[in-house]
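Next up: some structures, all given as structure tokens.
Two complexes follow with chain A in common, the first pairing it with chain B and the second with chain C.
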Partner chain A sequence: MKELIALLIVLIGGVIMTLQYFLNIPVLDLIYKNVLDWSIVISTFALLLAIRSLLARQFQDLKFKKVKSIFPLTTIISFFTVVILGLIFGIGEKTPVDFIYQNIQVPLQATVFSLLAFYISSAAYRAFRAKNFSSTVLLISGSIVIIGRIPLGDFIAKITTLHINGSVISLIDFPAWTKWILNVPNVGIKRAFIFGITLGIISTSLKVIFGIERGWLK
Partner chain B sequence: MFNNAYIFADSNGIIKSGRGESLLFFIFVLILFTLSYLLKIKHLPTRKLSGIEAIEEAIGRSTEMGSPILYVAGLKPVPAVSAIAGINVLGKIAEVAANYGTPIISPHNNSITMISAREEIKSGFLRAGNPELINSSKIFYITDSQFPYAASINSLTNEVKPGAIFYMGTFYAESLILTEHGQSTGAIQIAGTDSVAQIPFFITSCDYLLMGEELFTASAYIKKDLNSLKGVLMQDIAKIGIILYIIIRLLSKNL
Partner chain C sequence: MKIKKEVIYFLLLLVIILPLIFGISFKIKPTEPVINFFQEINSLKKGSFIVVTISFDPSTKAELLPMLDALTYHLFKNDIIPVYMNPLNANVTNLGYLSIKKIARKMKKKENSDYYYLGFVPGDKSALQDMGEDFYSVYKKTFDGKDLENFNIFKNIQKISDFSLLIDLADGNSTLDLLTYINTKYGVPMASGVTAVMASEYYPYLNSGQLLGLLGGLRGAAEYETLLDMSAKARRGMSAQTFAHILIFILIIIGNYEYFKGKRHGNN
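Moving on, here comes the complex of A and B:
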């Protein structure tokens, strides 16, 4: 019975939301807005679950000393500091919480993000090895795009430019080749992926709405 | 050949402005979906999905090493379709892990996804007949911020040294930070994503990848039941329809 009620809610909700997206019926838009409000309320309660899980794990780590105590201790102190400061001074601009966010969290996030540059280099080093035909194609196209995107590409195109009967032709034009690689084969393959993904999303959504896929019910 | 302006109403009409063509596409897919379920098919062959076939090998290797396995959920939470598809694959991972007696560690960036993952892991262990191995405290929440999430997972990878790492769902810039670090620890890495921009990064750093739609078909592939596979059949017919539509539009433009 419980399962049937859940399936009915999903079926009715799914049909209404689908119709709302396509059709110009004010009552459906109103329902959609209400459902969005409900989801905000639900996510607030979900946040409580998240906080419980986070703190339980940190206290457990602290108690059993699975990792160095400094890490769970830092998390717990930071968490309560931000919560208390937020409750006392608010969370708007020029408040202590804003100061912590701008001067601690943002730089720390930027630090982790900057690691990406090094990881891209190590990944590219591994990927650019001509082991077989496919990897050779990747190596050649990758090299063209890299040269085409730096000033060296423009310089080579400039020095190899010929003026024949009033028309300008560059013999080694890396920027133009780069543009072609990015706009033709690259976009074509991306669109093929997007078609497949869209169909996959529609198929999975329809299976959930019509109760064929019930994994989420557990 | 087709003049959409005459077919679809504007914002004052019954169909919302700019959504007429998508509605037509949706109706086309819906008809195919219904037809594929009405067809009396007894068997539907599927091609091999190496990413799914490798789950057993990865968990087996992890068990031999005496290491746990790590399941990393993407940034889009349940009810995003990619998250639901990822959770379905997690069910299979949990079942295999329960058979081998290998623990699963799963950090999350959303509590609803965390609860779904807990339930799916529980079901997987129950299906395998090993409920005593369920440890809910190993499926936990870290943060919903992108880079702190990535940093925490990397720290966790250093700490527990997993033998196999699974990345399932939608990922953004953190994908390479996670997978390159995982690669450096020597773990077998299997990913499944619908993030087109991240696919090259996953291909470079992971051992196996469920690319785009493969993530969504993985659930049907695992279950092998006819009803789920009919959805995959619909997707394939729709793709043929799209290819034909593109060819017709191209020819009508060029002729």
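Moving on, here comes the complex of A and C:
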């Protein structure tokens, strides 16, 4: 019985949501608007659930000493410090939360992400090799884009420009080749992906709406 | 002989730091997606009311903050009124808000009259869709707590489709979400600025005309600064990026040379 009710809710909800997109019926619009309001409220509570889950995990780690105590302690202290300071002083300009954000969070996040450049350069040297046809195509197109996206590409195109019978031709034009790679093969492949994924989403959604796919009930 | 990774790291550090120390700069040639973005802003009438969604983390600020700065400068210069918000990313509020305030102070623009900042609301994609039906069911106040209904300019706004343009600056999937839920469904014209690695993802939308313009990474921001005839963070950063790209290109060549040499000697 429970399963049947859940399936009916999904069927009715799914059909209404699909119809409201294509038909201009005020009642359907009203239902759609209400559902949107609900989902905003639910996602707000989901934040609370996420906080509870995060803290529960950290306290568990602290209690059972699964990891070094310093890590859960740092998370718990940071969490409560930011929340309490935010509630007392607000989060605007020149508040303690703003100070923490600008001087701890921003530099930390920016630094961690910047380290990627070092790994990429090392990986490019070690792994970016013409081992077979596919990797050679990737290597050539990647190298063209690397040079085509920097001013050196423009410079090379400029010094290799020839004027023949009034027309201007550049012999080594990395920016133009980059443009072609991005606009032709890239767009074609991406479109194929998008269509494939979209068709997959539609078929899965229909399966869920009509109760063919019931994995989500378990 | 293989190059040790410590040597690669050190070389990369040098090619990034030295151009920044010596202030080396290059001429940047703007590309079509950036020119289209720039012209789209120029085509807006004075006093146009547009939305700018800031959807990036501090982790990508090196690429996207210069974009936000250049865009804000351009909008203020053209007397366009932007409504900034970050409904898809709570983590950027202070970063974006302070950066905009700094430029506004320089250009003598007043908050809540020449520009508005609405901040974050929970709800993710539902909040976006809700803005398409009723803007005030999502945002009622500005970030500094003023009621939107007190501002005359908001009297003409009921839904997000009442804004002239939507611009998203993103390091995640937000541009795709906005294209799906706002551009396609409510017909709001849209342009976007994204990180370099994400730019190729959005070329199909650029070609289909769903995106009117696209700024891709630091290069996109530097091209935008060139069009604005200004030399700020992005153009300075492009010198470091240029040398880093050249180093990576050289490393790829050396790596392949070693690979083929080793293969000839039966080592690979």
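Everything that follows uses one rule, which is that the second predicted complex is superposed on the first by the 168 of 218 C-alpha atoms of A that agree within 3 Å, B and C clash if a C-alpha of one lies under 4 Å from a C-alpha of the other, contacts with A are read in each partner's own complex, and residues count from 1 in each chain.
By our rule, a contact is a pair of C-beta atoms (placed from the backbone, for glycine too) under 8 Å apart; a residue touches a chain by one contact, two chains touch by 3 or more.
Every value quoted in this text rests on a predicted model; they were computed, and no experiment measured them.
Shared-chain residue A:Gln102: touches chain C; no touch with chain B.
In the superposed model, A:Val112 lies in contact with both chain B and chain C. After overlaying the two complexes on the shared chain, residue contacts for A:Ala50 are found with chain B alone; chain C is out of touch.
Look at A:Ile40: by the touch rule set out above, it reaches chain C but stays clear of chain B. Judged by the touch definition given at the top, the superposed model places A:Ser122 against both chain B and chain C. Once the two complexes are overlaid on the shared chain, A:Trp216 sits against chain B while remaining clear of chain C.
When the two structures are aligned on the shared chain, A:Trp180 is found in touch with neither chain B nor chain C. In the superposed model, A:Ile194 makes contact with both chain B and chain C. Applying the stated contact rule after C-alpha superposition, one finds that A:Glu93 touches chain C and leaves chain B untouched. Within chain A, the residues touching chain B in one complex and chain C in the other are 21, 43, 47, 105, 109, 112-113, 120, 122, 124, 126, 190, 194.
Across the complex, chain A meets chain C through its residues 21, 29, 32-33, 36-37, 39-40, 43-44, 47, 91-93, 97-98, 101-102, 105-106, 109-110, 112-114, 117-118, 120-122, 124-126, 128-131, 139, 142-143, 146-147, 149-152, 154, 175, 179, 182-183, 186-187, 190-191, 194. Residues of chain C that touch chain A in their complex: 3, 5, 8-9, 12, 16, 26-29, 31-32, 57-62, 93-95, 97-98, 101, 121-124, 126-127, 129-130, 133-134, 137-138, 143-144, 185, 196, 199-201, 203-204, 207, 217, 219, 238, 241-242, 244-249, 251-252, 254-256, 259-260. Listed in rising order, the residues of chain B touching chain A in the complex are 11-16, 19, 22-23, 26, 29-30, 33, 37, 78-79, 81-82, 84-85, 87-88, 91, 110-112, 114-116, 119-120, 122-123, 137, 140-148, 150-151, 155, 159, 173, 176-177, 180-181, 194, 196, 199, 201, 203-205, 211-213, 215-217, 219, 227-228, 231-232, 234-235, 238-239, 242. Chain A meets chain B in the complex at residues 18, 21-25, 43, 46-47, 49-50, 53-54, 56-57, 60, 66-67, 71, 105, 108-109, 112-113, 115-116, 119-120, 122-124, 126-127, 190, 193-197, 199-208, 212-213, 215-216, 218.
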